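Sharing a structure here in structure tokens format.
By written order: A, B, C and D. Residues from 1 in each chain.
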Amino acid sequence: MTDAQILILMSTLSTGLILGAIFALVAAGVTIVYGCVWLPNASNGQFFLLASLAAWTFTASFGWTSLAAAAGVLILGTALSYLLEWILIRRLYDTPNRNVAYFVVTLGLTQIMTGIFSLTYAKWSDQFTLPPVIEGITMFGPFPMPNNRLLVMGVSLLVLVLLFVLLRYHPYGRALRAVFQNREAAALRGVNVRAIYRLSFVLGSVIIFLGGILFALAYSYDLTVAWTMSITAFAIMIIGGPGSVIGAVVVGMTFGFTQAIVSIFASPTAATFSYLGAMLLILLFRPSGLFKR
Amino acid sequence: MNIKLKTCASAIALAAAALCAAPAAAQSPRPIKIGFVTELTGPWTFFGTSCVAGLKFATDEINKAGGVLGRPLEFIVTDNQTKSDQALAASRNLDINDKVLALSGPTSSDVALAMYGYAEQQKIPFLVPVAAFPQLTKPGTRYTFRIEPDAAGWGYAMAKYIEQVRPGAKVALMHSDAALMRAIMAGFRYQAPRSKLNIVADIMFPQGSSDATVQAAQVRAATPDYVIVSGAGAFDNVITNQLLDLGIKPQQIIHPFGITTQVFGWGQRSVGSIYGTFFDVGLDSLTPDGKDFIARFDAANNRPPSYVENYCYVTPYIFKEAIEAAGTADDREKLRNAISALNTKERTSGVPIVFDKNGARKEYMYFQEIVSVNGKRNYQSKQRFYIEWDPEVIPVYDLVK
Amino acid sequence: MKLASDRALWIFAAAALALPIIADGNKFLAFVLGMTYISLLWATGMNLMYGFVGLMPLMFAGVAGIAGYAVVHLTREFGWSFWLAMPVATVMAALAGVALGLPSLRLKGFYFTLCSLVIQTVLTLAFIFFPTYTNGDTGINQIAPPDWFGGQLKGLGLELMIALFTVVGILLCAWIVRSPLGQRFVAIREDDILAEAIGIRVVRCKIIAFFIVSLYAGVGGCFYSVYIGFVSPRAFDVLVSMNIWLFVAFGGRGTIAGPIIGTAILAPIPFLLQELQAFKDILSGVLIIVVTLLMPGGIYGAWLARRRRTQKAMTDSARVQESRV
Amino acid sequence: MSVRLLEVSGLSKRFGGVVALKNVDGHSVAGETLGMIGPNGSGKTTFVNMVSGHIRPDSGTLGFAGIDIAGSTPHQLAEIGLCRTYQAVRVFSALPVRQNIDNARLLLSHRGLDSAELGELTEWLRLDTRLDVDAGSLTLFEQRRLELLMRLVLKPRLIMLDEPVGGLAVTEVTEMIQLLKELRARCSIFVIEHTMRVIRELADRVMVLIAGEKVADGPPADILRNKRVIDEYLGTRHA
């Protein structure tokens, strides 16, 4: 293989892994909330953006390091999700048809957050970049990989693994999956369903926040990323099967690699159309998605 | 049914109340009103708000110095939400209810094109500060005047620059799928073979792209001499950084256009790269007025102005000179003729302002090299190239529909 | 009861046709009125789908966009008359809408909404990506008004024509709703499994509904493009769909009067209160949440429910009095 | 000579790794009332769901009145006269009773169900005074009757009832059984029940499902004496 080929191969791998892991994280966050509480969060993209913007404010205005900013955003995000659950979300637990009601409410939330962002952050819209956590470059043959992006890649994959372990082996994870499968049966077995709802909403939101921070560390971004991320996360959830974390991970990674590979052979636009088209095809033949919850 | 009538009635009453409130504020001397419809919200907020910052500077100066024909100059700034129907409604409102003398303001091309239709139809002078779309001054245009050179021409200017610094160069293009970038690249693709340049890669990203590593690697594999990079919004930074990560030298990167905040975004690692501009702190030809404007803008906003703010700063002065030349502030046709006959210079840089019969300006462009970037506070640049051309040196209206 | 609502409908129709003439004195108000009528036509279509079939199609604006672009292309490139191009473009948009929507029509509730959202995104991307037909995100400007017996239909004439189409659209909707087809729609909205079990062809009905609704979107899209004189992808993005949905939900879904009330109140706001800037987004977001949580039936729905309660209370008390006598 | 109405053979279905039904055969004869019993999770509802076209079997054949109905949708089955009710009662609860009935008449409106017939049915099911009430505010028993009425206006040849007395009070159960006895004159019935009383009083023949397998098929009296049924189903219930 020539250097040029190795370069393209390695860049495909790195893009697939980073983008795929971030997509997978956000989709996992959405799918945990959906799978458990049956609440499809349409404002996940705005949550994602909120995390990135908060991290930017912490670094650019307060002069914190990126690491401190990330920690700050996670704490803030946890508090915010609890607050949101307490003010708004819990009112929807017993609504009939709650997934539609909730989807619409979060669309409203999206509008509000869009408005707030465009009043506050839009005038700096092309300046959102976080300083790297670690400097330097590691060479993989002819392919130079910035250490910062290696870190982002490592952390996202690690979080995905932790999430998987949590859901599989931790008592909370088992309770969550019990609620996934059958709410009434879980309640009969003594699971506190409302507490699980709250926990999974917070867990899902925090994962989305984390995705936002990691994205901000790896890329420059602007306000349009919210919508792109929302749509991508939903598309992944639909293809992977709503409520299936493993589906979110597999499909998220596939999306990342599709972006990278299709854009080599066709164009980046074709890549975008291809996965949205794939979603429509999946719906036609397998409306419940590829993976069972 | 009754409810419907009531709500209609109350909506009309509401509107009427809003309209009646406006003339009450009128005093002597009556201000000269100009409608400034710009992007205060929506995706182009950044440009709209920057523009208003430049506009305010000049308006205050003019009014402190006694106004125009003894009357204060008033820009009624209205938000168009970066949406064409809102821009159209706002133009109509300003035209019919505020009876403005002229229209101005949009910084995004699609919104400007929507207003263009209205201005031409209603015969309202329409001065476009920062929209680079050639169709705004297509043949037959009478009331619209464009201050910024057209975007296809920027591509032409880049080709001319590369032709001069490295004849026969291999060039790669990476750009977002947005009207402005499409127009720039169309101009470049047209001129490249004529300037004996060789396009070795040409990659377009859909809106909403977030990664360009693979494309950067493809570009790197094509071993170009120069890479022209133009991403929409923050994606521009992503492409630039990923090219630099993969070992493309800053000296090989050319941005078709650069404004202050973008230069900050590219940062210290882009020192040596080139960007096109129409006004910059690093120009050789800054006038004393220009230096003064930069200093005062910097003091007020904590960063130097870029060409966006400069054009919006220049706009009130163009109106001032044209109204004074027309001798009246109440006749749209006379104002239109005065703007058309204008022969003046930008106060800040001395570049001539002359419009051709379609309202396009004799066009020009600077190419600056980044010398140093000091965080988000200021930067230095060095003028590398200046070019002037006739707008129709390339078939702009065929290249860009 | 039925007679009364019929009379109200006809009075509304007459008033709606007269209003442009009254508003013509101020061209700005006339323009806002014209835009409100186009929104009303769209809201009526959305209501048919959301209010009566119970599905929330967020690709509505995209379908309108297909018709809007098609009518411009047919009149400009092929020199067709607007009045020939409009039905062709509308049917094209409706067919495209059905073809795109087919995968999602088997889905229910939120899942359908979600898929329509993704389809809308694909359409917006496509509007940008195929500049041969759409001129990318620059849009197409200076679209000529419809031809009219050798001249052009513009100003008051065009506004009256839009009003006419809107009124006909509303009357048509009222008629559909009372027909057996409308009855099937309601059955599907209330319980589609039960509807299927009692012999209603749910998927076929949904496709028919979707086709009709796309016709509304298409006609509105055609008039939008000639009335504004400008089309661009942003004119047909998801926010437009959401706004139209909000008009319906705010006024009261599943009634004829609801969307009219909702549109009359909400549609003019962005034009009349332009200085509100981004507060408009926040306001509409708050409205969405409040309506969903507190007024699931919308304004008109809440009013109907209250009237029904008071009527019931009145008849109850009447009964009590009767029994005492 | 009795006509075979429903013909099922080799019906199997798995959900994930769980076998819901294994190779079940069965049939019903025109005019007969067929009962089906079995413990919770034995696959009764899965069986009905498959016959009524809600889920597809993994293997096996389904026939109704000589027509192959495998892969048919519920509305197609309704058209050829096979319909069902649901374990959890299903009516259009936000609509008045009259509207519920009208919805059910949509299918056969062209063939005409004359108003005298409809009036007779409504009176028989004692819903004639409740026509303007929203179906959601009816009592459960009334809703069950409405559900029955909505099927009967479809003029079915076989009606599948999924636990028709579930949730009813003891006196209501008696009334319901009486109604169902009268129903036998109108169409064939396939009834799934837990309540042995219903089966005993109504069914001409009973199928017993345990853990997805058919373990017995015969007259109620025989079934109630069948050792395996007593051991694995009735016995555990009475123990």
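In this text, a contact is a pair of C-beta atoms (placed from the backbone, for glycine too) under 8 Å apart; a residue touches a chain by one contact, two chains touch by 3 or more.
Being a predicted model, the structure only gives us computed values, none of them experimental.
Colleague: Hey, which pair has more contacts between C-betas, C-D or A-B?
Modeller: Top pair by contacting C-beta pairs is A-B.
Colleague: Averaging over Cα atoms per chain, report the distance between chain C and chain D in Å.
Modeller: The computed centroid separation for chain C versus chain D comes out at 42 Å.
Colleague: When the C-alpha atoms of chain A and chain D are each averaged to a single point, how far apart are the two points in Å?
Modeller: The answer is 46 Å.
Colleague: Hey, how far is the Cα centre of chain B from the one of chain C, in Å?
Modeller: Chain B and chain C have C-alpha centres separated by 37 Å.
Colleague: Which chain C residues touch at least two other chains?
Modeller: Those would be 125, 129, 277-278, 280-281.
Colleague: Quick check: what residues of chain A touch more than one other chain, meaning two or more?
Modeller: Expected reply: 115, 118-119, 269, 272.
Colleague: Hunt down the residues of chain B that sit against at least two other chains at once, touch-wise.
Modeller: Only 41, 177, 206-208 qualify.
Colleague: All pairs of touching chains?
Modeller: Touching chain pairs, listed by label, are A-B, A-C, B-C, C-D.
Colleague: In the complex formed with chain A, which residues of chain C make contact?
Modeller: Per the stated touch rule, the residues are 56, 100, 102-104, 106-107, 109-111, 113-115, 117-119, 121-122, 125-126, 129, 242, 249, 277-289, 292-293, 296.
Colleague: Residue numbers of chain C touching chain D in their complex, please.
Modeller: 180, 183-184, 186-187, 190-191, 193-202
Colleague: Where on chain A does chain C make contact in their complex?
Modeller: 40, 88, 91, 97, 99-105, 107-116, 118-119, 231, 234-235, 238, 242, 269, 272-273, 276-277, 279-281, 283-284, 287
Colleague: Spell out the part of chain D that touches chain C in their complex, as residue ranges.
Modeller: On the chain D side, the touching residues are 52, 54, 73-75, 78-79, 83-84, 86, 90-95, 99, 102-104, 106-109, 150-151, 154.
Colleague: In the complex, go through chain C and note every residue touching chain B.
Modeller: Listed in rising order, the residues are 8-9, 11-12, 15, 19, 23, 26-29, 31-32, 35, 125, 128-129, 131, 135-139, 141-142, 228-230, 232, 234-235, 257, 260-261, 264-265, 268, 270-275, 277-278, 280-281, 300, 303.
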